[in-house]
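Contents: one structure, followed by commentary.
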Amino acid sequence: MIVILKENHDKEQFENLKDWLKSMNIDVHVSLGQRQTVVGLIGDTTIIDADLIRALSIVEDVKLVQEPYKKANRKFHPNNSVIDVGGVKIGGGQLQIIAGPCSIESEEQLCSIAESVKAAGATILRGGAFKPRTSPYAFQGLRAHGLDLLLKAKKLTGLPIVTEVMDLSQLNLFDDVDFIQVGARNMQNFELLKELGRMDKPILLKRGLSSTLQELLMSAEYIMSEGNEKVVLCERGIRTFETATRNTLDLSAIPLLKELTHLPIIIDPSHATGIARLVRPMAIAAAAAGADGLMIEVHNDPPHALCDGVQSLTPEVFAELVQQINSILPFACKYN
Amino acid sequence: MIVILKENHDKEQFENLKDWLKSMNIDVHVSLGQRQTVVGLIGDTTIIDADLIRALSIVEDVKLVQEPYKKANRKFHPNNSVIDVGGVKIGGGQLQIIAGPCSIESEEQLCSIAESVKAAGATILRGGAFKPRTSPYAFQGLRAHGLDLLLKAKKLTGLPIVTEVMDLSQLNLFDDVDFIQVGARNMQNFELLKELGRMDKPILLKRGLSSTLQELLMSAEYIMSEGNEKVVLCERGIRTFETATRNTLDLSAIPLLKELTHLPIIIDPSHATGIARLVRPMAIAAAAAGADGLMIEVHNDPPHALCDGVQSLTPEVFAELVQQINSILPFACKYN
Amino acid sequence: MIVILKENHDKEQFENLKDWLKSMNIDVHVSLGQRQTVVGLIGDTTIIDADLIRALSIVEDVKLVQEPYKKANRKFHPNNSVIDVGGVKIGGGQLQIIAGPCSIESEEQLCSIAESVKAAGATILRGGAFKPRTSPYAFQGLRAHGLDLLLKAKKLTGLPIVTEVMDLSQLNLFDDVDFIQVGARNMQNFELLKELGRMDKPILLKRGLSSTLQELLMSAEYIMSEGNEKVVLCERGIRTFETATRNTLDLSAIPLLKELTHLPIIIDPSHATGIARLVRPMAIAAAAAGADGLMIEVHNDPPHALCDGVQSLTPEVFAELVQQINSILPFACKYN
Amino acid sequence: MIVILKENHDKEQFENLKDWLKSMNIDVHVSLGQRQTVVGLIGDTTIIDADLIRALSIVEDVKLVQEPYKKANRKFHPNNSVIDVGGVKIGGGQLQIIAGPCSIESEEQLCSIAESVKAAGATILRGGAFKPRTSPYAFQGLRAHGLDLLLKAKKLTGLPIVTEVMDLSQLNLFDDVDFIQVGARNMQNFELLKELGRMDKPILLKRGLSSTLQELLMSAEYIMSEGNEKVVLCERGIRTFETATRNTLDLSAIPLLKELTHLPIIIDPSHATGIARLVRPMAIAAAAAGADGLMIEVHNDPPHALCDGVQSLTPEVFAELVQQINSILPFACKYN
């Protein structure tokens, strides 16, 4: 931590500050310039409240130097983490494809899609049982019954399953779920994160709509600091001023997170764009940039009467996409 | 809802769409132009999934016309709602000031601040017991013990109290809390909102860091649709590219929300700016623009050794601020 | 400037860096910690390219300590600057109101509005002759003829005038304009800024749609560094994710700029919100927060057939607004 | 254009509005619902001012239906445009690589880099002569002399050249420049755009830092509407709340622009990220997503003393990157 003092600061107050810092076992290095004094704090500065220091009348600014996350930090864990999800390895150099419907609607729908995506090359099945919806009047998911159907599809196909938990009171229903998803709106639901940190299950943590990468890593740290280090990160689009897409997919998160952390990174092009026609190019781009996995919605059938004309990512289009991904993978970026 | 069809769309598919819409009791009005066909859907379109329509290959775009919220909508409730918080009326034309420390630290700290802010003119006491912190290594609040101290301060001063709930599992501790706060990070914690909707207590709903005003109103609608219509909205800064302040306070939310909804609106200048020196001008601006209330952090003492030099909103500065607010109120904007 | 070195950095490269810095007359202060080395650079670091240092393989990060602006910096000019615009003082403690139509359309329109706003209390007349329009097919302004009409209105009313220049090739037409406006889209048109810096005329510099306050001050510095120190800053809304208003008015810019700079600050609530109904409350809030001036569009008449029903800021509504502003001013925030 | 009327609107005012619209040769289609009336305007609505209609007291909202750009619109020009830059075809199915130094510093520097990038596979040479810099104290480029050096490098290598114009007064120096760049900060410098529209030279138009794709296309339309249809679009990162990268690269712009327009799209990963280490993965991702070209900064040598340790995109790293791009191209997305 670096503290920049105001010009002409009160000397006695600065002595008080130094004494207090030393009492906290912080070494204080002072660099005197013409117009300003720069003070380097060396030691375990995580215990110092930067906002308190910044509020002192002798202080002009405080700059943080160390990343505030430890367990998620690549500096302390140089090798890539490989997370095992029901036998599927995420982060080990092979791109994993998670696919399935947005919402689970019926056994028939889910099982049909599950078999299709497995045949096409997906290695993990996704499906929403608890659905976060902006409107209270929208379909809220099949909830517990949806989880039952997902387990049936898992049994049928052998694919491990991932699905979203919306509140920690639901966790007792997730015993047989292989991979628990924390949605973007819950990325800073700290009580939920702590509870997930006490479980022994891989967690798929989605980046919040307006969360910085550092905040994403701090939320991973919440889970890891409680003991569960099986965290997979997911970039799914951030909120910007652009209205032509639902969100703006931030693919630079891949190489940047690969520097900052040892945790695997998955890209969700379906939620990021909100437009089925954009899913293919963004999935291809993510694979080329070296993502550890992709999470893709394969749409279920629309109402029969409308059936012919829907431009969705059908199982057929998904199968083509997987082939294109596979052809691009040998030339994709790699991170060790 | 308005559906814009592509030029040269398939006529049969359009007939299918019209039949399906009619089967849902939607009236269909077609306007034929040279280059495009515009279709107005009239009826209860809340049951129609706009994304499904938009995904049809004959459709170019879908535009929503009606606000998706009802109970929070001023159109259906033209008069201002007045919410009673332990005898204090919010929204009735009088500006209410909520004040207190960010975190509850001790009985002495809380009671001392509580008495000061009451003397200065605050009508509701705030204090954080459960603290949402970005870092798992930061102080997480006194939790249940903090609530006990808050109840003591309520007893001592007679002020109604407001404090934040972070998870629905904590709600059983909130029986004697007058006003339950939903923090910005929980604005779309839909399970929590639904549970609060089944309670008979006023709720202070803070706008999410990257939430539109419509999303804020949809979250209010979540609470109201379950039966609890005692919702107070709070603008506390949104996330933008500007880094000089922690967030950007959006004061235009006051007149805009006053048009869209009958619910009261409170401004929190402390969290919005993150800089104690900016709290006063932003509080004054909010009062002048016609806010129904202000929520202001009055800082507790810093560590003794640092005590003299902290530029915080001390009880003394707060008292001056209340006086300035009172002098400006007769000339502030009003909304009926 | 502070340079944070990587753990286990190459010692020889660090010696090279230190030698090079010393050759530039920079003092180097090294603070050695367990995990990192923090290097303070003391001296005139404006000549050091931070990006070059940051790109060195031994460097983890570079933090800037000094503000990069000098002439606009309050540290070096503690007293408020007062800018004289045709006899009207901006920044001297009195709030100035700039008013007039968005576009100049005819002599009759302009003169009628000019007389109304003068009668209501405006002290400077605005009117657009060169109009920046997103679409090439939209009305581009009366251009040179518009300036002629503006000069007529100035003669008629005695009000000093402000109008926007869009390109430096137009500047020869601005001889009799009292106050030259640089629009938000031109805030970083550096060739124009430099040319304005060589003039002896007050400049109204609007904040860019996605410009930080520091960038605004750097653009002011462009003008001032060429010799012209008569710069007035204008906040007119920034671009955010919120779509309910055209832009988000950032009123915290007032107290923040008052700390950072000695230049006066004007607020434009008309462009910030894009909604006539929101202009009044935002103008009142800005006045209460201590703005040095307001810039308000007073709308001209719509086509005759539509005349009755337009919700615009008519001269009548403007006159009421000025009265409300005047009543609030004695209680507004002040900055010395 | 669609106009939504308020419930219980004044019938006479609506008749006035309809009469006025008909006098402008607009057909008016009215759809009556229970709670609202939806009015479709059919005809050449580009002449109607939507803001004027929206300001009418009987109107609740106005929705635009047609894209406001014509010449840039793919609907009216279904085939991809191919732009010839000194013999190099952009948009014809082959990815073109523009490379060179950020700033031109000397003949030796420029020519050395030019020969290297040509050997590595670049087909167009870039180099900044006029440099837009946030600070007036930073190096502003070699200006006219820089252009001379660029022409020498063109002669030496035979590569066509692209460089940025900052003001229309500089255009007389650009006679022998093959491809004129409009920088992000000038994307809405409308006077410059119009002047470029009167030239017969390809223009590289960069997206503004906070510009929507529609605004980018409107700026292209400015150039095209004056006669010059040789426009190439460039995405170079947008401004968001994320601070870990200089900007956020929006790669979904590629497939989206390919739908909206027939103009070629180039990606600039160097400015988008601001971090040399991220250029490679973002360049690969852009190529995979189907960009028509890439624009990459190849760094010149840092000061001799610092030479060994700089992590920049040296000619060697650039050559490797081109090879990786070439291997991925056969599997990249295509747009016809």
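Each chain carries a letter (A, B, C and D) given by its place in the written order, and its residues are counted from 1.
We adopt the following convention: a residue touches a chain if its C-beta (ideal position, glycine included) is under 8 Å from a C-beta of that chain, and two chains touch if they have at least 3 such contacts.
These figures come from a predicted structure and were not determined experimentally.
If you match contact pairs by residue number, over half of those in A-B turn up again in just one of B-D, B-C or C-D, and that pair is C-D. Taking A-D and A-C together, the pair of chains sharing more C-beta contacts is A-D.
Centre-to-centre spacing of chain A and chain D amounts to 31 Å, using the average Cα coordinate of each chain. A straight line joining the Cα centres of chain C and chain D is 26 Å long. Each chain gets one centre point, the mean of its Cα atoms, and the points for chain A and chain C are 38 Å apart.
Counting partners per residue, chain A has 210, 239-241, 243 as the residues that reach two or more other chains. Within the complex formed with chain D, the chain A residues making contact are 210, 212-214, 238, 240-245, 248-252, 254-256, 259, 272-273, 275, 277-278, 280-282, 284-290, 324, 327-328, 331-333.
Within the complex formed with chain C, the chain A residues making contact are 2, 4, 7, 27, 29, 31-36, 38, 40, 42-43, 61, 63, 65-66, 75, 210, 239-241, 243. Contacts from chain D toward chain C in the complex involve residues 10, 13, 16-17, 19-20, 23, 46, 51-52, 55-58, 68, 132-137, 140, 166-170, 185-186, 188-192, 194, 209-210, 215, 218, 221-222, 225-226, 239, 274, 276, 299, 302-303, 305-306, 308-312.
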